[in-house]
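Both complexes shown next keep chain A, but they swap its partner, so chain B is in the first and chain C is in the second.
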Partner chain A sequence: MSAAASGIRAPGPSALDPRARVLLLLAFAIAAVALRRVESALVALAVAGAGAALAGLPARRVARRLAAAQLGMLPFLLTLPFTVAGTPVAALGPLAPSAEGLVRAATLWLRVNAILLAAQALVGTLDAGRLAAALHRLGAPAALAQLLAFTVRYLGLLEQEYLRLRTAMRARAFRARSDRHTWRSLGQLAGMLIVRSAARAERVMEAMRCRGFTGRLPAPEELAFRARDAAWLSLACACLLALVAVDRW
Partner chain B sequence: MAHLVDGVVAWPVLVGGTALAAAGLAIGCRRLEPERIPQTALLSAAFFVVSLVHVPVGPWGMHPLLNGLLGILLGWAAFPAVFVALLLQATLFGVGGITVLGVNTVALAAPAVLVHLLFARRLERGRRALWGALAGGTAVVATAVLVALTLALSGAELRPAAALMLAAYLPLAAVEAAFTGTVASYLGRVKPALLAGPALLAQGRDA
Partner chain C sequence: MSGGLLELRDVHFAYEASRPVLRGASLELRAGERVALCGGNGAGKTTLLHVAVGLLVPSAGEVIAFGEPRRREREFWSVRARVGLLFQDPDDQLFCPSVAEDVAFGPLNLGRSPAQARAIAAETLAKLGIAELAERSSEKLSGGEKRLATLATVLAMEPEVLLLDEPTLGLDDAAQERLAGLLEGLPQAMCLVSHDRPFRARLATRTLALVQGRVEVDAR
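Up next, the complex of A and B:
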């Protein structure tokens, strides 16, 4: 598996073609989900961590995001040790966590974090235009690719608009409590956000039509899938296959 | 909480969910005229922003799903909008998962389409607070059922977790109903064209 790590290490994830990165992430996620043993899940997490470090992701931001992601796993981490049948390791009153259940919960935790790290390292560092172009070239409909590019563009705008409206509410001494007035006000805030943004989207569309938009956008950037990308991709996939094979042996 | 994570869903369920998502995406993209892409992107972005807001409910954080509202406003285009938002969440913010993208897309977008078919027509005619609330609540309950079903089909050992998640969704359904009702009646007063648009879109006419 050290070879897979070096497969990412040599050029660094950011040197790969966007399509290779999307495909690699998909292969990594599928392989990681197939792992059953704690040791191999640990290897996957280490590889993903190395990839994230090489991609130059700021460690603090990654840690904060991973922390936020832990919530979604809680229901499974809490129940799996007790619901998977197997040899009990301890007795907590009527509940007895099984060794198999603990292994299942531990691998789940490791795999989820490995995949999330890999996703941020491989695709999270792509800008929206390149990701959209890569998805389109991989067979996604043009509408989906354009939607992706526009959505990323609007994320920033929406946040600014939201902050502006919140400031206006604060200036009128609004304070969020859990009562009817608060819910009505927040609902109207969301409604206002949608109305203003729809007006903006209309203006954007008119401007685009003025420039001859008919549903197609020129490719934002040349993507070059070189022999090197193919080589790294197949090497990494071979290593992932080997890891899964060792895990299942 | 709204999203299933990688590695809990069994392979057959994963493959089935992904196939359903692909079909939904194909229909959604075909019905998404170029003129409506900016507007759809906007709602997708709103969906994304709102779903990062955590509201503590019991032991876990929850966030508004907003898929009822999305369904009312977008119809079938909810599929691409949800998919894009989930993809960005997983890759940019590390929430959700990669292999479960399809399953999560179906769990959120199928109820949105359902709600659109049930309520969009009625919303155009009036009593928007009532129909909006019903749409918001129905979408959340349908999502909860789909998520629980996905887990229950994936293995008996996951059923307690499925029950836990189902229970956690119910208070959210009430909050979401009130919220969607308010937004719908606001939009009806301020810009009714937004509520009327997607009905045309759903029939494939030029909106």
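Up next, the complex of A and C:
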């Protein structure tokens, strides 16, 4: 756990070049989506879990993020057994969940969690700046990469600004009610937040121009796609391909 | 032009046409000088500094830097590498996840390699006595630490001129004292905007005032 946190290169996924990690995640996600059997989806989940363990991610954070995603899946998990036609396994009044539907729901659950785990193991350990640099080097437009990096950096500041304004409102006895005055005031708060953010963005840009920024963010570190990265990437892709092949035939 | 590093000649500027901020402001900064600039709120002190490095374009007048008149954005690129501007609000200047990366940003823009930039950043932070801030996040620094970190981001580019916009704003006595001591030891020519009279008296070689859009010799 401490190896990744302290910046020392761990033997796990954290040792790979950021670009290799993004590509590997992409390959893993594509492979996982292609899986149809519960057994192979289980293998994918196990591999992703092992990756997350190797990356030294704090288990609690991983669990919290996974938990947040479960809610979104719930509607699908609950409806799939009833909407997929097949042999009924039980009768709940007029509804009869099918065996095929249950299998489909189980593989869906396994696949989504496998991809989420892999994403945390591979990309979750990168900070926004490095991820943006990697995406840019892989061909993503510079503007998008910069947008990502700056959004992450300034979200905290935006929140602080919001809290400051909110405190200032409360200090003058503002309380949210469901009346016209409340909606008006909250609207003005949102408007002011946008105006201030735009002004801050302008000043940040000016400060960057003063330090020689001309539109291109320099990479904070030299990315080195080493032979080891290529080897790992091809090995992993071969394994994924084999998994899909076994699953399908 | 002997020793003239940065010169503003008869500069006019207005954010809104009906209310001009600068009305024929002129200022010359020579090597080795530390010019203090004072003036009331909204007098245009920050505006003047921003015009000097080309962030704002004057409606009339000239900016001459290192012996050449500068008009277009492109012509100011090399100026900004040699003139370091310290912004009023440190949060505008610090945008990287860590202080070290922020300090390395300028050198990287000047074409240094990441390894060189890292070395420059470490060296600059050490010189200012804040090496321990390197891996900290700028959001979690105190006001005084933020101010010194921004000074490091500017000094890492090895400028010949420093423009300081209210550097002591919001600093306690100890932090002010530390900053003044550091600035005193720097060889760069400086233009410092400050309301803080003892600070000005300690550092400045001459004091100017911005009154009604023009630069005057401070009478006080």
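One rule holds in what follows: the second predicted complex is superposed on the first by the 215 of 249 C-alpha atoms of A that agree within 3 Å, B and C clash if a C-alpha of one lies under 4 Å from a C-alpha of the other, contacts with A are read in each partner's own complex, and residues count from 1 in each chain.
As a working rule, a residue touches a chain if its C-beta (ideal position, glycine included) is under 8 Å from a C-beta of that chain, and two chains touch if they have at least 3 such contacts.
This is a predicted model, so every value here is computed, not measured.
K.L.:
Mind working out whether A:Ala29 is in touch with chain B, chain C, both or neither, as first, second, both or neither?
P.N.:
Touch partner of A:Ala29: chain B, not chain C.
K.L.:
Can A:Phe150 be said to touch chain B (first), chain C (second), both, or neither?
P.N.:
Both partners, chain B and chain C.
K.L.:
When the two structures are overlaid on chain A, which partner does A:Ala63 contact: first (chain B), second (chain C), both, or neither?
P.N.:
Touch partners of A:Ala63: none, neither chain B nor chain C.
K.L.:
Would you sort A:Asp127 into first (chain B), second (chain C), both or neither based on which partner it touches?
P.N.:
A:Asp127 sits against chain C, while chain B stays out of touch.
K.L.:
Check the residue A:Leu95 against both partner chains and state whether it touches chain B (first), chain C (second), both, or neither.
P.N.:
A:Leu95 contacts neither chain B nor chain C.
K.L.:
After the superposition on A, what does A:Leu163 contact: first (chain B), second (chain C), both or neither?
P.N.:
In the superposition, A:Leu163 contacts neither chain B nor chain C.
K.L.:
For A:Ala198, select first, second, both or neither according to whether it touches chain B, chain C, the two together, or no partner.
P.N.:
The first partner, chain B, only.
K.L.:
For the three-chain arrangement built by superposition, which of chain B and chain C touches the greater number of chain A residues?
P.N.:
Comparing touch counts on chain A for chain B and chain C gives B.
K.L.:
After the superposition on A, what does A:Thr214 contact: first (chain B), second (chain C), both or neither?
P.N.:
After superposition on chain A, A:Thr214 lies in contact with both partners, chain B and chain C.
K.L.:
Intersection of chain A residues contacting chain B with those contacting chain C?
P.N.:
150, 153-154, 157, 200, 204, 208, 213-214
K.L.:
Okay, in this complex, where on chain C does chain A touch?
P.N.:
Touching chain A: residues 50, 53, 55, 77, 80-81, 84-85, 87, 89, 91-93, 95-97, 101, 104-106, 108-110, 113-115, 117, 139, 153-154, 157 of chain C.
K.L.:
What part of chain B is in contact with chain A in the complex they form?
P.N.:
1, 3-8, 25-26, 29-30, 32-35, 37-46, 48-50, 54, 59-61, 73, 80-81, 83-85, 87-88, 90-99, 156-161, 164-165, 178-179, 181-183, 186-187, 190-191, 194
K.L.:
Which residues of chain A touch chain B in their complex?
P.N.:
25-26, 29-30, 32-33, 62, 65-66, 68-69, 71-76, 78-80, 82-85, 101, 104, 107-108, 111-112, 115-117, 119-120, 123-124, 126, 131, 141, 143-144, 146-148, 150-155, 157-159, 162, 183-184, 186-188, 190-195, 197-198, 200-202, 204-205, 208, 213-215
K.L.:
Write out the stretch or stretches of chain A touching chain C in their complex.
P.N.:
127-129, 150, 153-154, 156-157, 200, 203-204, 206-214, 218-222
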